[in-house]
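Working notes for the structure below.
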Amino acid sequence: MPNYAYIALIPLLPLAAFVVLGLFGRRYFRGWSGGIGTLAVLFSTGLSLWAAYRYFFVDGKVGEGYHQVIALKTTWLSFSPGLSIDMSVVLDPISVMMIVVVSFVSLMVHVFSMGYMKGETRYGTYFAFLGLFTFSMLGLVLSGNIFEIYIFWELVGCSSYLLIGYYFDRPTAVAAAKKAFIVTRLADLGFLIGILILSFYAETLDFRTLIQRLTDPTSQLAGITSASFLGISLLSWGLFLVFVGGAGKSALFPLHIWLPDAMEGPTPVSALIHAATMVVAGVYLVARLYPVYIYSDAAVLQVVLYAGAVSALLAALIACTQTDIKRVLAYSTMSQIGYMMLALGTVHSAGEAGTLGFTASMFHLFTHAFFKALLFLCAGVIIHRVHSNEMKDMGGLRKLLPLTHGCFLIACLAISGIPPFSGFFSKEDILLSAWHANKFVYGIALFTSGLTAFYMFRLYFSVFWRRQVWGGDGHHGEAPVTMKIPLVILAAGAVFAGFIPFSRLVTYDGLPQETHRVGVFAIAPVAMALIGIFIARYLYFKESSRPGRVAAALGGLYRTAYHKFYIDEVYSFVTKKIIFNLIGRPAAWIDRHIVDGLMNLLATVTARISAGIKGVQSGKVQDYALYFFAGIAGLTVLFIYLYT
Amino acid sequence: MNLSLLVLVPLITAVAVLFCKGLNGIRWVSLAGATVQLLLSFGLLALYWRERAAGDSAAFLYEYRHAWFPSWNIWYHVGVDGVSIAMILLTALVMEAAILVSWAIKPMSREFFILLHFLSAGAYGFFLSLDLFTLFFFLEVSVIPKFLLIGVWGSGRKEYSAMKLALMLMGGSALVFVGLMGLYYNTGGAGGTHSFDLMEIAQMHIPVEVQRQFFPFLFVGFGIFTALFPFHTWVPDGHSSAPTAASMFLAGISMKLGGYGCLRVVVFLMPEAAREYSPVIVLLATIAIVYGAFATMMQKDLKYINAYSSVSHCGFIILGIGMLTRTAISGAVMQMISHGLMTALFFAAIGMIYDRTHTRMVQQLGGLLKIMPFISTVFVVAGLCSLGLPGLSGFVAEITVFMGSWERAGEMYRLATILACASIVITAVYILRATGQAIMGPVKDPHYNGLGDATWNEKLAGILLGAGIIAIGVAPFWLQALIK
Amino acid sequence: MSPIPLSHILVVSAALFFIGMYGLLTRRNMITMLMAVELILNSVNINFVAFNKYLYPDKLEGVFFTLFIIAIAAAEAAVAIAIIINLYRNFHSIDVEDADEMKF
Amino acid sequence: MWVDIILSLRQELIVAVIIFLLLFIKIGAAAYRTEAMLHFINLLLLANLLLGFFQGGDATLFSGMFHTNRLIVLEKSMLNLATLIVSLQAYSWLKGHRQVLEFYMLLLSTLLGFFFMISSGNLLIFYLGLELSTIPLAALSSFDLEKRRSSEAAMKFILSSAFSSALLLFGISLLYGATGTLGFDTLAGRLDGSAFQLFAFIFILSGFAFKISAVPFHLWTADVYEGSPVTVTAYLSVVSKGAVFFIFILALYTVFKPLAGNWYKIVVLLSVLTMVTGNLFALRQDGLKRLLAFSSIAQSGFILAGITGSSRGGEASVIYFILVYIFSNLGAFGVVSFISAQTGRESVNDYRGLYATNPLLSWVMAISLFSLAGIPPTAGFFGKFFLLMAGAGKGNFVFIGIAALNMVISLYYYLRVIKAIFMDSQPEPIGKLKIPLLPKIAFLVCVAGIVMTGLVGGIYDYIYSLSKGF
């Protein structure tokens, strides 16, 4: 067994950066903070790549397929003999793939931020938080224990909170950070209860043992499938709740409302957290527990499938109407994640044909990380230059920002699924698996891919073309070099990532799969994408009144999409009106007036009685004698009553 | 090690403070006393580990017995096990921090520090006691100093709050008293002597019907100390009126007396009754957790927020105890420690903010992160701990309680666990609301711009408590091994 | 001549007791109240003497007790009257209803 | 023979000698300096305490009329101690008073009366002792001759106690009729619980109840306590009540032991009534003396709870509590008496802001009140704990629960005073007062007593070893 213990360093280096920068960054390092953080992540990335190389090509393969390697395992908190939270580092194809993605994108974002965030007063703090996030995310993907993953799950949530709220003096940023945390917290509740259910029946928290036990009909499976709640077996409940946790973090409908708001954070952060890495954690989580999902009844996977499909479609529709560049990208992220989930949901059996969607999903996750991070970083350059997020403030930027323009175009082509860019391959796989599984969903996916191309190019044309030149002052250069390098590297990734033979490396059971790419099959999606692009060009290439007329023609549909299908309003109704007014306020009132009132009532009653009997002490000595005599009489009566 | 030292050191310090000259003398002597306590408790921890490592498997170590009232068979009997050591460490930490935070207390600083030392002596004694009389003695010792601390140095409706606190706590101890009497007179069996000794009673079997009769007294009695619904109403008023150090001690230590008592006395001595009453306890705990959390959501005063959240968090302690599984109970102990540190830190931060801005209303605060980054960071750390962020102690404790509670089969227990889990979402809501409004956002009042950040003593206090929180959160295994 | 039965004497004593009690509770003049107390004491005296004579004639405990009661009653009356005189100086009244400054 | 008698009677004799000494001084010496005289008398009282403290053997004198044993000697010493403390505290008040010698003669007469009462072996001696103490006490309550309230208090006291002792005597006469004896030792053998005996017992019980101010026989207490000079009030509340409790518990535990089944429930009832009523009235008092009066009524209720224990522990805890009570109550009354003598202010509101000007007095007051409330680590905690613990020995936990809750109610009004002293302020606080030596000693003795009596376990066990039990 090769020694993989050094893997632990991959997450620990960013953690060290966090601790050092968090404690001393503000006072001692200041401008050096970015360098320190980047250096740590650079080492992490190097180690990740090395580990990936070792794992995939040198010694990860045992026999035919890739096996899970537990590099490290130490008990962190043990509840009972079987149940303990272990801090472990687990290598298998998906985790290795993920550490590469996470550390790589993180490195890009670090480098980019050195230019983007220059001059900020909380420069050190920013890099500290980035380090924390990178640590948590790497820890998450390397987890071999379901509770360990929950721990890192919460930590990424927290670092996301801190980073969204980085511009803490903007009320909108604070509100967005809060919203992100609370919505994902709500979803995590499902995750937590899911863990409780699964671990209780499997009597373990370890992923490998858990999967083994829950897919083995002779062992604990009997208990968990026979026990049911509301007619659904507890296994399904557990898996469903875990999926809810994943859906929250991955911004699936209807738990997606936090993601667009999260764009209040610094743009590189959006690139890292809300595009490439954290938001795919949900996909990753479902993938982790995949064998169990397949094994349980099909209902949960159907939920996954439709949740993915609905999210993909809905987000794409909304993205067509948004005017804030980052929000468009945010909805596009949501839509793409919907794709990934959809792909996971298409799996219908444990065989090779049935698990095509798994590989497709992971593949899309991988390629998406590159082009979406690239899109966000480009957006970062644009915003850095224009000082606005609104599309109407842009236009004609292609001359001013030529490099950005090129990169952005590559990314748009990639996301639209135009061959030979990376998005084409992964999306192709997804559509293929959808075709095999469910024709209706395939239809949605296909339509969405057309929409994707449309809104991406809408964005592209609006920003870079539309006018001849940008209206603002154009004296400064494009961007510092630290911002340009990541663009170039990521663009290269967006172009070439599709050629990685994914199905040989990352598959459901570790065994390599043969891809059955049929050339004919690609026609429909590419055609859809091209149609989308042409519509976008027709509407947005030049300044015109066409978009407005189209919007007017669509009427209600446009308005609904523009208002994000009123989902935010529903949420705010539920929270403000129902939770706050119908539960919180009465609870607080009851506490003050009824519960506490009871306590005060005791005091008042005592005082009342006290005042009521004061007349006994009349001050007249004859009354005293009377009471005295009455006392004797009373005692006599009592004696008679008691003893006769 | 002579455990009585832990009680004596604060008392000696109090006397020394009494004869100290000058404000600085008072402060430094107090601090020195608290530091000695802290060192003693760490020393105790080290000795304890060594003893255990050497294979000493006695239930309690360093026992000391001294006949106090032989005719009643009352002993001054002290000893420690892991749980009490954990509580003692907590007390020492909070005490040290409380003294640091009260550095600038005025007026009557001398009296203030003396009372604080009295409080801590009572808390140490309580955690050390192995005799129910001794335990009860120390339980009541801690009430009056709180009354005075709140009433004299407090703010707002301080007299009302102080009186309410004192009366409700004494009400609780009156119930405890009745329960103790019931236990005492049912020990010994035919012809034997009655006993207050914890270990002796544990070995005798208290008849089930007796347990059934006296369990409610003891449980509710101790429960009042730890904010058992519906007897928690002293908590919001008391905490919010108290001066910073008193709030810290009150929420950090005093509320734990009840939990510790429930555990050490009630459940330990009356296991059968505990099992029978378990549904009721779980019900009350769940109500406290959920309802406390909802009530917190509506509060506008930072201290009220923390006080109500204490009600909710202490619900976890009771829930853990009520579930009666090993894991749940060890979770309850962890929650005591965790909540002790966390809430002390929280109150410390709130106190520091209040000292500077003279308001605790979240709407009036804002943007403090810019003005006082250290204090704000402390606040945020405490808040994150409160909402159960991994890496901080709150998570460890809550998760252990959840896991333990889930082990208890039965629809009602499951539902209670789920509701308890759900409360962490509400916790997130109110913590983030408070943080968002008070700490983040724009600076609302231009006067705040000139305010300074924490002074060295405040920083030290924050770091001490924060270190404790992180030490448990990052490496919970040592605590777990300790309290096992 | 047959001796008077004990019960007769006890009836007298009881009557005296209640007369005294009645006087104490209804008379407003303090001196009269004091006299009422003396009546009760006399009923006690009668009891003692009667019990002694009729039931336990071999010892004289009851009679002795009576003597002490008479003596102490005198002392008590002396102090009481002194107090009442002093009260009169302060209140200018010996009506018991007037001296009720302290109450509740 | 004579030596034995003198030794057995030494406490009574010393007190009697002091009384006569003072009488001769009064007759002989025309003029004296009040302060010197006060110091002299206090020295005499100290000597009295010390001489009486030495234990002798058990003895029974005068064919069973008088008996003494180690416990009784201890009880008398406690009363001596209390008298000494009261006298020390009276210094500031008496300094300006002309009739110092008369005061002490009356005071010591009552003490002598109590001694005989405690030592009595016969209802006759008991009655004589009772009256010997009551009549001078009435005179003492009137000692502020020119004050209306003082004379009103004395009037109420003398009339009430005349009435009560008349009823007591009526009961004794009936009991005599029923049993034919007045001696304690023979009486116990002849009690069989017949209706007539019980009827007589009720009268006797009510006589006791009057003295210990148990509800509903307590009504005189508040008025008399309020009206009398504070020193006398302190004496009344501590020495008088303590002495009657000593004999009461002796009577119940030995003489009326055959009726134990009958009196148990009555005493429980009285105890509950007394606690509740005392507390409820105390809640609404503004005058500190009146508040303490009702508090002392409530304390009687707690003592009665201890008595219901009907065990050796019960007896020991009652006596122990009275010792604690002497320190605590005299501490509180001492402060009230001192401040009243200096400033004439006696209401709770007058004490607002006292801590700012008079920290020592405030702490004495606070510690005493805590002890009265039964808060550890003061001795009051131990006292109350043992009383209720003894009471719980009979298994009547409802009763004990009520008692425990009453402790909570009582805490409220004690804390009200504490609140006034420490937390409130007023425009005209009581000024800074200089405390003369003698009261200061008294305060220190009280505080030391409050602290030590509880924490030092030996004191209780000493009392326990002396007590005879049920």
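In this document, chain identifiers A, B, C and D correspond to the written order of the chains, with residue numbering beginning at 1 in each.
Everything below uses one rule, namely that a residue touches a chain if its C-beta (ideal position, glycine included) is under 8 Å from a C-beta of that chain, and two chains touch if they have at least 3 such contacts.
Worth saying up front: this structure is predicted, and the values here are computed from it rather than measured.
Colleague: Could you compare the number of C-beta pairs in contact for A-D with that for A-C and name the larger?
Modeller: A-D
Colleague: Of all the chains, which has the CA centre nearest the overall CA centre?
Modeller: The most central chain here turns out to be B.
Colleague: So how far apart, in whole Å, are chain B and chain C when each is placed at the average of its C-alpha atoms?
Modeller: Chain B and chain C have C-alpha centres separated by 65 Å.
Colleague: For chain A and chain D, let me know how many angstrom lie between their CA-based centres, rounded off.
Modeller: Between these chains, centre-to-centre, one finds 77 Å.
Colleague: Chain A to chain C: how many Å between their CA centres?
Modeller: The separation of the two C-alpha centroids amounts to 97 Å.
Colleague: Starting from the mean Cα coordinates of chain B and chain D, work out the distance between those two points in Å.
Modeller: Distance between chain centres: 42 Å.
Colleague: Where in chain B do residues touch two or more other chains at once?
Modeller: Correct list: 167.
Colleague: Give the residues of chain C that touch two or more other chains, as numbers and ranges in rising order.
Modeller: Within chain C, the residues that touch at least two other chains are 24, 33, 96, 99-104.
Colleague: Which residues belonging to chain A are in contact with no fewer than two other chains?
Modeller: 614, 617, 619, 621, 625, 629
Colleague: Every touching chain pair, please?
Modeller: So, checking each combination of chains, I get A-B, A-C, A-D, B-D, C-D as the touching pairs.
Colleague: Mind pulling up the chain B residues that touch chain A in the complex?
Modeller: 164, 167-168, 229-233, 236, 291, 294-295, 297-299, 308, 326-327, 367, 369-370, 373, 384, 387-391, 395-396, 399-400, 402-404, 406-407, 417-418, 421-422, 424-425, 428-429, 432-433, 436, 439-443, 475-477, 480
Colleague: Spell out the part of chain C that touches chain A in their complex, as residue ranges.
Modeller: Per the touch definition, chain C meets chain A at residues 21, 24-26, 33, 96-97, 99-104.
Colleague: Considering only the defined contacts, which chain A positions touch chain C in the complex?
Modeller: My answer: residues 614-615, 617-622, 625-626, 629.
Colleague: Name, in rising order, each residue of chain D that touches chain B in their complex.
Modeller: Within the complex, chain D contacts chain B at residues 313, 316, 370, 375-377, 381-382, 385-386, 388-389, 392-393, 395, 397, 400-401, 404-405, 407-408, 411-412, 415, 418-419, 422-424, 457, 460-461, 464-465.
Colleague: Quick check: in the complex, which residue numbers of chain D touch chain A?
Modeller: Chain D reaches chain A through residues 155-156, 159-160, 163-164, 167, 193, 195, 198-199, 202-203, 205-206, 209-210, 216-217, 219-220, 222-223, 262, 265-266, 269, 277, 280-281, 283-284, 409.
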